[in-house]
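Quick one: structure below, then a few questions.
Chain lettering (A, B, C and D) follows the sequence in which the chains are written, and residue indices restart at 1 in each chain.
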Amino acid sequence: MEEFLRLIIGKYNYWIYITLMMIGLYAMIAKNNLVKKIVGMNIFQTAIILFYISTGVKKGATIPIIEHSHDAAHQAVRAADYINPLPHVLMLTAIVVSVATLGVALAVAIKVYHRYLTLEEDEILKQIREP
Amino acid sequence: MIWQLDLLILTLVVFCGIGAIMIRDLLGAAILFGAYSFMMCLLWTIMGAVDVAFTEASVGAGVSTVFFVAAVYHTTRRTKD
Amino acid sequence: MSEHYPALLVILPLLASFFISAAGWLRPACCFPLAVAALGASLLVSLGLLSIVIGGGPVSYRLGGWAPPWGICYQVDHLNALVLAVVSVVGFINLTAARTHVKKDFPERAGPFYTLYVLFVTGLLGMVVTGDAFNLYVLLEIAAITGYALIAMGKGRAPLSSLNYIFMGTIGACFYLLGVGYLYIVTGSLNMEDIARLLPPLHGSKVVTVAFVIMMVGIWLKMGFFPLHAWLPNAYTYAPSPVSSLVAPLMTKVMVYVMIRMVVTVFTVDYAFGVLGLNEAVVWLAVIAIVAGSVLALAEKDVKRMLTFIVVAEVGYMVGGFWLGNRPGFTGAVLHIVNDALMTLCLFLAVGNIVYAKGNSRWESLPGLFRTMPWTMGALVVGALSIIGVPPTCGFFSKWYLLLGAIQGGHYGFLAALLFSSLVSVVLFFRIFEMGYFEPLGAPHGPTHGQDGTTTVREAPLGMLAPLWITALGLILVGLYTGQIVGRVIRHAVPAMMF
Amino acid sequence: MKTLGLIIVVLVGAVLVYATVDFPPFGDPASPASLHVSPRYIEKTVEETAVPNAVTSVLADYRGFDTMFETTVIFSAGVACFLLLRVSRRRPPASRQYRHRLTGLTFRVKDGREISLPLRDFEPLDSIWTPHDFIIEKVCRYLIPFIQLFGLYVIAHGHESPGGGFQGGVILGASIILLSVSHNLRTALQRMGEKASALFSPFGVLIYAGTGALCLVLGYNFLDYQALAALLPGGPIMARSHGIFLVEVGVGMAVMGTMVWIFKNLASLGRYDEGL
């Protein structure tokens, strides 16, 4: 029991990211409104970003900007003192990708709206079936 | 890292996320999505990812929300779910 | 200069795309020549790279000058040199055919169209050439975003299909990204070969298992593997002709390549076939994909839409062939990437010509086409024979290897599916030939027919026929040189553990 | 669809939970992710690139190739929105409204008729009436220069502090978007026209890729900024730092241009006359 609790508490960030991912995925699959689906898509992508950032955290470390001075002798930098910068870099890229996808998705959604005058998927499919 | 604060923000993130997909108004969904992104940004600041948080604050909470509002402005706020 | 080939391959079209975009504003007439020059250059580079690899073995290139696990490196071996050549050939041939369509359908948007076209090919080339798992994701997104936009350019349902594709594609790409993240959290590396080196002690880990599964599901979603194919037929059908003849041959094939690369280089054959032992299940999935794709194709009354279901079935061929896990199966799968890209290109180009002349490609517009468009239909016949698998064409040889693989692996379900699908292809295409050849021009085969004077139908212009016939002849040539391709390239690409 | 969605979601969730059990503990400094590749970035960034912000050095140098394509993703999204939404045939609206600048009188011109009054005394109004809010307009007008200054600072100071080309570019783009939201699209278009934003974004990415190609021409590998030591003062290490700066400027320009470009297309439905 105690071990179970430690598992829950020790990895709470991971549980939250799974929850968010499930919310996003559910919205993308089951929601009827196209803009809602796009919102879900973004939540889904941010959940993955949260996962990556969580992998980079180190207890007792600070942000990855190295303290240095130009004149003092070169002192060794210990990697354990700074948070892992690599996931941050990867996720900057992922954020950019997500905003790019968002832009294109909204543009396409606007095109869809102007053709069918609705954003509800079932109404659109009905219009396609009975022209 | 203050765990109480962390937990509070994590809870808020989940509620904003659920709210954004549950609310029956697309403009509201856009605004709640902005709030969600901003909470995410706070969370990442706490976790030490300052660059990512900065980007998320400007992109997720700023520009993405504006894109959503622009799209909703030209389509409709109405939604059935 | 030749040591920079791996970088130049991607950089040249990338740089050109910025100039094309600017030219769209300043001097629209330059867009097409610039695009041809860019893809032509990368075609030459990719052929040069192929000959270097055949002559001297794998090549690697460090971007930014940093050593692999820290920086990004490009890794070109026999497998991806071949796929690179195919991607650039298909991209280039289709570009030359696209001009007439663009002039007719959206002349005022040629600039952005060619920009996205070139970026799409750049993304695919980058995906194939890279040796870094995360870099692959970024390039995957470039290919995807440009693909979404190009598909949404079509008429009618195209935007809706494209939006559907955006959702499915994003889920697929995100699953892939999540898989990379799972590998990163247990190995700490992003370089494919480095991950492969670090993985063996972790084979029992649940994280690696889930990373594998989720990555495969993501890749399958992107390639339209049967139960996950729902987005594919609509997206490819409603896309404008030059786009569907670009996306359909390339996107699925490149994703098959990505799957092979992930299994062979990152997880290693040992893990995927030995430790997990999923191969039997996946081959059965492929059998279902082949059968379902063929049966669904039978139900369609539109040539283009029928072809999209054939694409679904062909994906099953390649996935199944690869997961047979033996030498002939692997050879067949890789050879089929080459052949299928060309076959699909040939068929979609031919259908593009029909759409250009008749406005659509439904059954009603087929009658009498052999008389009015003999060259187009001739090439369609060559492509169809190749899909069916008639000997001088290349389709026969890859199918032959796949059959050999099925027999060697003792997988008779796969064997039966291959034969069944060939049979269905015979039915499908001979129905088209019958309608095009035997039914007279004025046959009452549809309500819209004959009102607007069908005599106006003329053969497509030379600018579209030439690429089509080059592809059709290419099908036969590749068929004749299969021995060379297998002996000099694919033989070296087969992992040592496969027999 | 709802049940199917629920089943899939629960399935995915279960698989992910299954894997999470085997994860290294959260925040563990000894996890493989923090031990294998990343220590080099932290320990050597100042030594090898003279950039104390490890995120910037990894972003623009060690993994600079990724970032180039990230910028290309943004650029292609801009082109995609333009391709999808821009309408070339401009149909004149059924009625136009003008306000006299001095008196505030508003009147409407119907059915595309011409007016013979001197147009510079009048300003065109949006067809959907939006309240003219004095406070918002003035506050935003005075705020925008500072926002832009901050954006430039973020780009220039990305070596030493959080930020860099991407964040700065978004802030610069957001300032133009703010202008459009607080005033109207026409004002924003006067400040930064369609052509300007459409040329900014390829030009920015071109700076990035061009810097890389320059290294290649100088005989080094693509994006190996050491090569720039031949052109810039300070030796190979400082050349890396300068190279990173050049690239960040390119990213900033590309992102600013594209954000504004996408916004204009979405907000005016590609008509570029009026909108949010």
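Basically, a residue touches a chain if its C-beta (ideal position, glycine included) is under 8 Å from a C-beta of that chain, and two chains touch if they have at least 3 such contacts.
All values reported here derive from a predicted model rather than from experimental measurement.
> Once you count every C-beta pair in contact for both, which comes out on top, A-B or A-D?
Ranking A-B and A-D by C-beta contacts puts A-D first.
> State, to the nearest whole Å, the distance from the C-alpha centre of chain A to the C-alpha centre of chain B.
Those two chain centres are 11 Å apart.
> How far is the middle of chain B from the middle of chain D, if each middle is the mean of its Cα atoms, in Å?
Using C-alpha averages as centres, the distance is 19 Å.
> What whole-number Å value describes the gap between the mean CA coordinates of chain C and chain D?
32
> Using the touch rule from the top of the page, what residues of chain A touch 2 or more other chains?
Counting only residues that touch two or more other chains, chain A contributes 12-13, 19, 25-26, 32, 54-57, 61, 63-65, 86-88, 90, 92-93, 96-97, 99-101, 103-104, 106-111.
> Multi-chain contacts in chain C: which residues touch at least two other chains?
In chain C, residues 134, 138, 141, 145, 148-149, 152, 159, 184-185, 190 touch at least two other chains, as defined above.
> Could you tell me which residues belong to chain B and also touch two or more other chains?
Counting only residues that touch two or more other chains, chain B contributes 50-51, 55, 59, 63, 67, 70-71, 74.
> Sort the chain contact graph into one of these: line, ring, star, complete or other.
Other.
> Chain pairs in touch?
A-B, A-C, A-D, B-D, C-D
> Contact residues on chain B for chain A in the complex?
7, 10, 13-14, 17-18, 20-21, 26, 29-30, 33, 36-37, 40, 43-44, 47-52, 55-56, 59-60, 63-64, 67-68, 70-72, 74-76, 78-81
> Touching residues of chain A toward chain B in the complex: what are they?
Contacts found on chain A: 12-13, 16, 19-20, 23-24, 26-27, 31-33, 35-36, 38-40, 42-43, 46, 49-50, 53-54, 56-57, 61-65, 83, 87-88, 91-92, 95-96, 99, 102-103, 106, 109-110, 113, 118-120.
> Sort out for me which residues of chain B touch chain D in the complex.
On the chain B side, the touching residues are 50-51, 53-55, 58-59, 62-63, 66-67, 69-71, 73-74.
> Quick check on the complex: what are the chain D residues that touch chain A?
The contact residues of chain D facing chain A are 1-2, 4-6, 8-10, 12-13, 16-17, 20-21, 23, 25-29, 31, 33-34, 37-39, 41-43, 45-47, 52-55, 58-59, 63, 66-67, 70-71, 73-74, 76-78, 80-81, 84-85, 160-162, 166, 262, 265-266, 269.
> Which stretch or stretches of chain D touch chain B in the complex?
Those in contact with chain B are residues 53, 55-56, 59, 154, 162-164, 166-167, 170-171, 173-174, 177, 181, 259, 262-263, 266-267, 269, 275-276.
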